[in-house]
Every structure is written in C-alpha cells, then in structure tokens.
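You will see two complexes here that share subunit A, one where it goes with subunit B and one where it goes with subunit C.
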Partner chain A sequence: MSSLLPLLVAVPIAGALLTLVVGYAADRLGWPLAFASSLLHVALTGYLVVRAYATPDPLRYTVGGFRPPFGIELVVDGFNAAVVGLVAVVAVGVLVYARRAGPHSVAFYTGYLLLVAGLSGMSITGDMFNLYVFLEITGLAAYALVATGDDGRSAVGALKYLLVGTVGASLFLAGIGYAFVATGTLNMADLATKLGEVGYGSTLVRTSFALVVVGLGVKTALYPLHTWQPDAYASAPDSVSGLISALVSTVSAYALARVIYSVYTVEFLSSVAYAREFVLVLAGVSIVAGSLLAVMQTDIKRMLAYSSVSQFGLVVAAFAIANEAAVTGGVVHLVGHAVMKGGLFLAAGAIAMRTGARTVGEFDGLGSRTPLLGAAFAVLSLSMVGVPPAVGFVGKWYIALGAIQSQLWPIAAVILLSTLLTLAYFLRLVERMYFRSGTGAAAGADSPTGTGTATVADGGDDEDPTLGRDDTPTLGRDDDDAFAADDERFGRPSVGMVAVVVVAALLAVVLGPLVSAFEPLLEPTLETLL
Partner chain B sequence: MILDILLTRYNYVVVALLLPVGAYMMIENRNLVKKVIGMNVFQTGIFLFFITAAYREGASPPLVGDGGAGVTYVSPLPHVLILTAIVVGVSLTAVALALIVRIYAQYGTLDERRLREAYADE
Partner chain C sequence: MSADEPNDGLVHTEDRTPYVESTIIMTTVRTVAPFILTLGLFVMFHGADSAGGGFQGGAIAGTVVLLLAFAFGIRAVRDWLNPAAVLGLVAAGVGTFLLVAVGSLPLSGEFLQYTAYPVPHASKYGIELVELGIGALVAGVIVGLFFLVAVGFDPGEPLEDEP
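Here is the complex of A and B:
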C-alpha cells in the first residue's frame, strides 16, 4: 500500500494537466475536473493516513527503484500524516468555496492543483533537494494564484512575494549545499547520522543550519522575514487568501520542524550553543511583533495576515522547545491554525461579498446583518484567541506547558502575552459585530438590538437553528429591511460558501476535545523524533 | 595569505561577491525588471557555489569504462542538482516577467516609486 505514496503528488499534477487541456476547450468543465481530482486526492490521502496511524513503522516508498541514500524516498509517519490530511481536506473545502466566490479561470484551477501537488510533495519527501524542488513548485503555484486577482495590486503583491520567496528558497538551497559539502548525501535519515559523524561543531554544519532555518523562516513568514506576506494575502482573491494562508506557511513550518528533527536532530539543538536560542528568539520576536502589527491594522485581511506571523512564531517556538508536550502542541496548533485562519479568511471573504465590509470599522453591527457568517467569524476568532474547548486553546496550552516543563520562562511569558494581544485584535471585532449599531442603510432605522442580534449573541451554540435563515431571513421586520438593502447593493454568498465557513467554525470547536484521542497516535512518532 | 586564497579559491570569492551584488540590486534598484535581474544574479551565485564544490583537480567525468580502478571521478550529483535549480530559476524568471508585463499594462510604469504614487491615487 505504500506504493500509493507517489500518487499523492501525481494525482494533482495529472489533474492539473487535464484541467488545463480540457478547460481551455470547454470552460465549464474546469471546476468539475478540479473537484474530481481533489476528491480522488482526499480519498487517497484518507486511506494512507489511516494506514500510517495503524502501523507502527512509517510508510516508505523508493522513487524509481534507486535505493536511498542515493535515490529519493517518500516517507509518511505520524507527524506528516496529519499535515498531508490537512492539505487534502482544506484544499477541497476551498475549492467548494471557490465555486461561487471565484476566480473562475482555468488558470486558477490549474494553479490550485499544482499547489496541492507541491504541498503534498513537501509533506512526504525524505530528501533535502527534493524538498527544495517541491518548495519551489509550491512557490510558483502560489505566486501565480495570488496574481489571479483582477486588479494590478495582486500582480504587484505576487511579484513582491516572488522576489522575497525566491531569496528564501535560494538561502535554503545554499544551506543544503553546505550540508552536502560536509557529508556528500542528501537523504534526510542519512544526513542525520553523517552530520553527527562530521561533528556538530563544524562550521559547515552550523552555517547550513542557519541558512536552512532562515530560508524556511522566509517561507513560513516569521517576523523580520515576513514582508511579502501581508501584501500577498491582502491583494489575493478571497479563495486564494484562504488557501495559501491555511496551507503554504503551514507546510513550510512543518518542513522547518522536519529538518530540525530528522536532519539536524534534537541533539544538535541542545549541544550547539545558541542554535536553540537562535530559533527561539526568532519565534519569540515573531509572536510579539506579529500581534502588535495586527492590532494596528484596519484592513481585515491584513490584520489576519499579521496574526499569522504571530501564530507561526508560536508554532516554531514549540518545535524549538522540542519536548513531548511542546511538539504535540506545535502539531495541534499547526493543524488548528490552518483550519481557523483559512476559515477566517473565507468568512471575511463571504462577509465582504454579503455586506461589503472589508475594514474593522465596517464590522459595526454585522452580527444582525449576516447572523450566520458573523457567528462563524466570531467562533473562529474566539478559538484563535484560545477560549476553551476550541482547538486554539488546546494547542497554546500544550505549547505553554512544554515551555514551563523546559523552564523556558521568557517564552512561557511571551505565549501568555500573545494571548492577550490576540484578544485585543479579535475581541474588538467581536465587540463591533454584536455591541455596536451598524452604519448606513443596512443597519435599519433603530434596530441595533433587534431580535437578530439577540439570537446569535451567544456565539456558536445557535448555529444550527439559524442555518436556514441566512437564505430566508425571518428574524424580524427591521432585519428584513437590512437584508433587502444588502441584497440591492451586494451579492449573496452561495450555500456552499456559507457551509464551508460554518464547517470550519465547527471543526475549530470539535477538534479541541479530539486532541486527547490524537495524542496517543502521535506518541510513537515523537519518541523516534525526540 | 589573502593573495593565496584569491589565487586558489577565486571561484568562492566570486560566489561571495555575486550574492551581495544580487541582493543589493533587488533592494536598491527602483526598476522592477532590474530587481528580477538581481534575483537571477543572486541565484547564479548559489549555482556557482555548488559547481565549484564539485570540482576535483585532475578528476575525469564519471563515465566508467573497464573497471575504472585508480581513477578519480567527479561526482555528477551537484551538476544534476544545479541543472534542476536552473530550470526552477528560468520558470521563476518567466513568471516574474509575466507579472511585470501585467503591472506595466495596468499602471504604465515599472518604477517602484511611481507605482506607489499610482497606488495612492487609486
């Protein structure tokens, strides 16, 4: 069954080619073909993930019959199985959303499938140079996807992303070069033993570590290296922002963790002076600076983008702490953040489509104008802040626990501080949505505390009763007027778009309690990694 | 000592020059096309590093005839890696130039500062 591993990459690539060729002949077939490829990819991934957690040994596949360490091998263990599954599920969700929200071009569907192929490849490869190639495939697809927006801004954002991203990937390649010069091998498992033989004190080995961390730090968008990220996320179409915010940085952060654990090993981290401190300081600065920048934003998508800088600081800090609790927290937060941030971007897109609200100020009274989407946005926000039992809380809890176990008090303090700052920038939105009257015609004459607000004011518990109401508003006369006003001025998100956002909100809540079931699955892998 | 390094390791000196020159071009040049050229220079520096590392004095190409004992061969792997990296670099340049064409069509300029002014006007 491990012979199915290369199909994780091959299926989306074949789908991309098919979509490109058929899509140009018959425009209407673009989406169905992309969707079919994605469904096949999910089925395949689901099967392999179940297999990976059922067997104690990792699934391995030798590409082209060239045995490692000379050839390339693909590996799925308990660590990356979670990432592979995440990529497949989020990708399908975004495609469902993009059915109505667009972009509707064949270029988008092709780029989307190539991105999925690149991300899957990055997740499963066991070879350093292969990781670089998939990193660049992912990058190229992401640059092209950002540029699918209609206005010139998206092209400028994409070019900036391309220039900075290429420097990052090139530094990563230089790091691989240093490691290759030191050891003469590119296979991750082989590198781990040979780097130890060369000695962790070697300048070549240390330099390669620094270059690789900085290179992947650019792709993950850690603080001083994040400059491409807000422009790219803010200028991309909503579906694309959701997709790349949920997956591209996530898989890069996974790659960073994989390289730290499987190539340089935890022993390197603890034996080389300042190696762990270097990563921890990078992550800690990222947590604080990202949050502060997010508080200062007025544009919703830019705020969410800076929030990602902060959250990835948290994830990378967890991987640098490198004890069992912290790494569990890192994996949980990696997956949880992808679901929450992807959901938030998609919710923001759907809200903008419904009401035209794209800045913090325009969120006033939104809870009554679009109850269901507003509630989903609020639930996702609160989960991101870390309100139990949501997944955002569980991830942060484990990371803080790990920091305290390793007696890294500054990092523990930074994590708590970051929660306060996250509260600052998300709570002001929730407060505006539910406790302030809306502006303009859409809010109605005197209905700020009408029945619509009361129904949804208590967050996510009321989601199901209001499920149908977004389409057939029956919340009260004033709100009917509001809906009518919105209908005149703006479009309506499709049922699929709303459903994807609601599912993301539900997942953010449900995944939290499920972590205790996931922990024993992860444990055997962690034992071999740490 | 320094002269010795310059004479025997001049390739690495060129690498050490190409990387900052490329990075400087990307940061300092206002023209978007020149930024892309800077990116290419930067990448070339890294390609040269790989190729130089693979050089062995007096070694022959890795074509094993009969037995091949007593002969030093060059490892072909770095060359193959860089061939791949060059292809990646060409694709990146193509995408970058396509984006630049779009930017020019939209704003009528490739100058970073004028682009910012055009932003402010929107």
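Here is the complex of A and C:
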C-alpha cells in the first residue's frame, strides 16, 4: 500500500493543526495530542518501512494523479526508509522527554509536528523542487523551535540560524534553477537521465552541482558553512537541541546523498574533474576542524555541537567515496550519529536539570551524583568515539574500509585522526565524571552558578508541580523520590526523561551488532544507486 | 539613559510609538480598505487560470488590517480584533488544504487528485479552493505576525545573557 506515503507528511500537519486549535482552547491537551499524532506517525512509518524492505523495488507514489516527470513523486527505497524510520522514532522519543523538560507551549508542539512533517517530506520526495519546499518547511519550523527558549540567547541563535539557513536554502534553489535551465525537468529520476544527455561537462550542470552541494552543506553544517549551528544548538531548549541535532542536519545530509546519487549520479562524481575532490575536501576539513573546535569548548552543548560538524564531515565523506562499504557506513553512521548525538544532548539536558552542570568543569565527580544519567552519557560518549561493539564503531569502520578500498589514503588518515580527536574531547568528560572528586560538583551545588542557564533550570523547576498534576500523574511521580536526595534547588528529571536517555544509550550499543542484519537489506538499493 | 522625555514633538502612546490621529489618513483608509480586500480576493480567485494565487492574494488581504492599524492605532485595532478569529483563519486555511487533499482518497482517487471529485471542472474548483485556503492562512499569519511584532519587547526586561 504505497498509497499511505503522502500520509507520512499529512498526518503530522493534521496533528499540528489539531494541536494548535484544541491547544488554544485547552492548554493541557497540547502534549497528549502531539504525542498521539506522533504515535500514529510512527505506526504508519513502521508499516511502510517494513514494506519497503520486504520488496526489492522502491515504493512509489504520484501525488494528485499527475504522472511524473510533471507531477510530484514520492519514493521510499532501502536508503531513505532508514531515515524515515529514524525521524519518526526520534520524534516520539524527544516528545516523551519534552513532556517534563519543556517548552510547555502549544506553539512548541505545533512547531514540533510541522518540523516532523517537513523532515518526513524531505526524506520521501522524489522531486527536486519539492525537496526545496520541504527543506524550507523544515528550516522555518526549526528556526521557530530554537526561538522557543525563554532568554535572549535563543532569540539571537534563532536569528543567526534563520539568516544563514536562508542563504543555504537560496543557494540550493539557485542550483535547482541551473539544473532546470539545463534540462527542463525537476523530477529526480528524470533529471538523472537528462543531465547525462546534456553532458556532465556543461557549465550549467557543473554550476548547479556546486550550488546544490554548498546549499545543502550549509544545512548539514559542514565546516566553513557551520556558523549557525553551535549557537542554535547551544541556545535552544534542551529538548529542541536533542531533536534538531538528531534530525535536521541528518536529513539534510541524506538529501545531499540522495541528490548526489539519484540526480547527478556516481558517474558524474567520477567523470567530472574536481567534483568528488570538492566534496571530499569539504568533508575532510569539516572532520578535522569540527573536532579541534570541539576540544576547545567549555560549554557541553557547544562541544556536542562542534562534534556534530566533525561527524557530518565523516558522513559526507562516506557519501563522496561512493563505494558499497563507504555508503553502508555512511547510512549506519547517519542513523547512529542521530541516536547518539540526540541522546547526548538529552542526557546533557537532564544532567543540567538535575545538577546544574553545563560546562566541562562542572562535570567533575558527576558519576556518583547522577549514576544512571552519568552512565548513559558515558556509554553514548564512548559509542561516539567508536568503541566496539557500539554503532559508532561500526559506522566509522565501514567508512574507513571504503576509503581504503578506494585507496583514498588522506581520507582514511583523517578518519583515524578524527577518532583520536573525538577521544580527546569525550574522554576528558568521562574522566572528569568518574575519576575526579566532586570539588567542582560541590561548588556547582552550593553557589548559584549565576548564569542564565541556571535560571532556566530553575524556571523549569517552577513549572513542574502544575504540569505533573495536570497531566498524567502516573508518570513516575513515586520514582522521582529516589532522586530527591541531592540538591533541592535544581529540578528532577522525570522517569520519562531518564528512560529516553537510557534507551538511546542502549540503542547505541545494540544497533552496532544489528548492522550485519541491516546490510543485506540495504544491498539491493545500493546496487541501483551506485 | 539621561533623557527620558522624547523631544520630537509627537504624541507618544504607551506603546512608545507615535500615533497621529489624522482625518486624512482615516478617511483614505476607510475608503480604500474595501477595494483592497476585493483586490485580494480577486487575486486569490485568479490562482487557477492566470497570474495570481493564494500567497499574493492573502498578503494583499492581510494588509487591510495593517492599514486599519496604521490609521486607527495599533492598540485600538488589536482590541477590536478577536485573536480566535485570526487563529481560525489560519486553521481554516490549513484545514481546507488537508480536506481537499485527503478527501480524494475515499473517492478512490490519489492524494490531492482534484479530478476524483464528481464535480464539473473539478481541477479548477479544487485549485481555487486550495488557493482560498492558502490565502486565508497567509492573511492570518501576516496579521498575527504584525501584532506580535507591534507588541515589541520591554527594554527593561533583563537579557539573560552570560559572559
């Protein structure tokens, strides 16, 4: 039943509408409605993903009965089925986390569902202009979500994101325009053949490739184009940081891969001078610069943000290498990074809510103060570094393997170097958490940190009682007492929040061994793409 | 801040925006507003078969409320305007689009397939309906944004910035 494909986009939009209207009348119904829409979205996605992997042919759907290449086509193959599934699952997870962590506004839930709609649309569309439209929907929803934080910082972060993101989207649109002038079509499959007929040497085609790659590079936050990303991630509310870091850049990176393989094709990449080199250099610089900048950060969320710059460099490098091992690694790391980085942001948020620790120094002795959250954070960190058998290791392994198979030694070297740098910035946190006494912890607990972020944590605390009573009181009121021993001034993360973080940590470990089962599912798709 | 009193000779309302009650502006707006609203609808109705559409038409229709606000004062117009009406406009816009899109599925058509509806010239009327929905959405958002921006920020509010 591929006729369910458009509902992947329509259901979150209908949910957003319902949440907006009902939430206007009754504030309390905002979260339950958003959650119900999100669950429906997951069920739908799960069904379609199973169907997509059950048949070797991609699921296709024509919107409005206008036949492609004129109409808009929706396509789900083995490549984007993984991305669609990721979007749905992470969205539900973050929503569970956001129930306590906030923001508790109808505007947030509406924007949240619109973001999910945009991301789903970006993942399943088979039309270049439609991809642009969904890219803008995603972008606008993401800017609005970043701005839902209640201090000036998030407004500035959102504004910067808006300005840089719009430039990126405009470059992408210009690239589509060049390709349209060259071929007269916008359908991806049709473009792939027509671009070949026009000739890869054509200036129009090459210019459009450069514009599209740079445009999506801005959205993916590759190194020189990443400037919006640390501010947006660091200043957004914790739930939003988790969601955006896990999904927005991920889907943009998927879109980049989809455009490279399904529109310009691998043949373009290998036959046009400097096309592959251009993407590889962008990715390589991103890997190294992102890691170096991450090592220099003291704020946890900024550090995680720069780490994303580096990891997406890795993913894009994998897609540019374009052999089977590398692309498998790219998909695995795309999904794995989303789970790990989303989990890390949520864990950092829960830890900050519990202890007020938001900088590297304040992580001293954290392992004994919040054992469960600390352990989850450590597991996610080690997975990100690439410790086997976690998913971070498997992804990097395949990518490095692909680089070596294609004899791209500099990239292979950069990947190994990046692992060392990742170790540098994550291990110092793990070391502080478990092997240092909590002097920093005492300071963090006794003196008010006096920063805006601490005030935000307190603000979240104040909202808790009303919310917990109004909504489902069953969700872990009793278990919270187990955490009550520590500091009264800081809030207590709900069981839902802790559970989401723990599930992310478990997924990071469990997904690693499952990759060998996933690989044969991906293989038929890769054969057609490469 | 040394000078609290602005010395520019204008009447400052509590919004800190100079509002001048001008008979010329009020009369002009009163005369012109119905025509602008008509033009907005005209542009919207031309979405299906000529240069026009919901985005442009909605923007034009939305400016009617902006003009009223300039002529009669932002605060007065905001008090007069029911926020539920603005929200309803937005919701009706999105709802129309969704209904037209999903409604063709039970009629054994595809998503957003206008020709599935048993109506003569279904494609044309379908697009028209969607354009009107978009117009309502755009007009609602423009009006809502305008008043949100007009509220502005309280400069006395401490910025929770940190070194």
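Just so it is clear, the second predicted complex is superposed on the first by the 483 of 530 C-alpha atoms of A that agree within 3 Å, B and C clash if a C-alpha of one lies under 4 Å from a C-alpha of the other, contacts with A are read in each partner's own complex, and residues count from 1 in each chain.
Please note the rule applied: a contact is a pair of C-beta atoms (placed from the backbone, for glycine too) under 8 Å apart; a residue touches a chain by one contact, two chains touch by 3 or more.
Small disclaimer: the values here were computed from a predicted structure and weren't measured.
**Q** Should A:G65 be classified as contacting the first partner (subunit B), the second (subunit C), both, or neither?
**A** A:G65 contacts subunit C only, not subunit B.
**Q** Classify the contacts of A:W31 with the two partner chains as first (subunit B alone), second (subunit C alone), both, or neither.
**A** The answer is neither, since A:W31 touches no partner chain.
**Q** Check whether A:I13 is in contact with subunit B, with subunit C, with both or with neither, and answer first, second, both or neither.
**A** In the superposition, A:I13 contacts subunit C only.
**Q** Looking at the overlay, does A:V21 come into contact with subunit B only (first), subunit C only (second), both, or neither?
**A** Touch status of A:V21: second partner only.
**Q** In the superposed arrangement, does A:F426 touch subunit B (first), subunit C (second), both or neither?
**A** So A:F426 meets neither subunit B nor subunit C here.
**Q** Contact-wise, after the overlay, does A:G152 reach subunit B, subunit C, both or neither (first, second, both, neither)?
**A** A:G152 contacts both subunit B and subunit C.
**Q** Would you sort A:V181 into first (subunit B), second (subunit C), both or neither based on which partner it touches?
**A** First partner only, subunit B.
**Q** Touching A:F129 in the superposition: subunit B (first), subunit C (second), both, neither?
**A** Touch status of A:F129: first partner only.
**Q** What is the shared patch of subunit A, the residues that subunit B and subunit C both contact?
**A** Overlap of subunit B and subunit C footprints on subunit A: residues 151-153.
**Q** Give every residue of subunit A touching subunit C within the complex, in rising order.
**A** 3, 6-7, 10, 13-14, 16-17, 20-21, 24, 61-65, 150-153, 451-453, 455-456
**Q** State the interface residues of subunit C toward subunit A in the complex, per the touch definition above.
**A** 84, 87, 90-91, 94-95, 98, 101-102, 105, 109-116, 159-162
**Q** Report the residues of subunit B in contact with subunit A in the complex, numbered from low to high.
**A** Residues 23, 26, 32, 35-36, 39, 42-43, 46, 49-50, 53, 75, 77-78, 81, 84-85, 88, 91-92, 95-96, 99-100, 102-103, 106-107, 115, 119 of subunit B touch subunit A in their complex.
**Q** Write out the stretch or stretches of subunit A touching subunit B in their complex.
**A** Residues 129, 132-133, 136, 139-140, 143-144, 147, 151-153, 155-156, 158-159, 162-163, 166-167, 170, 173-174, 177, 180-181, 184, 186.
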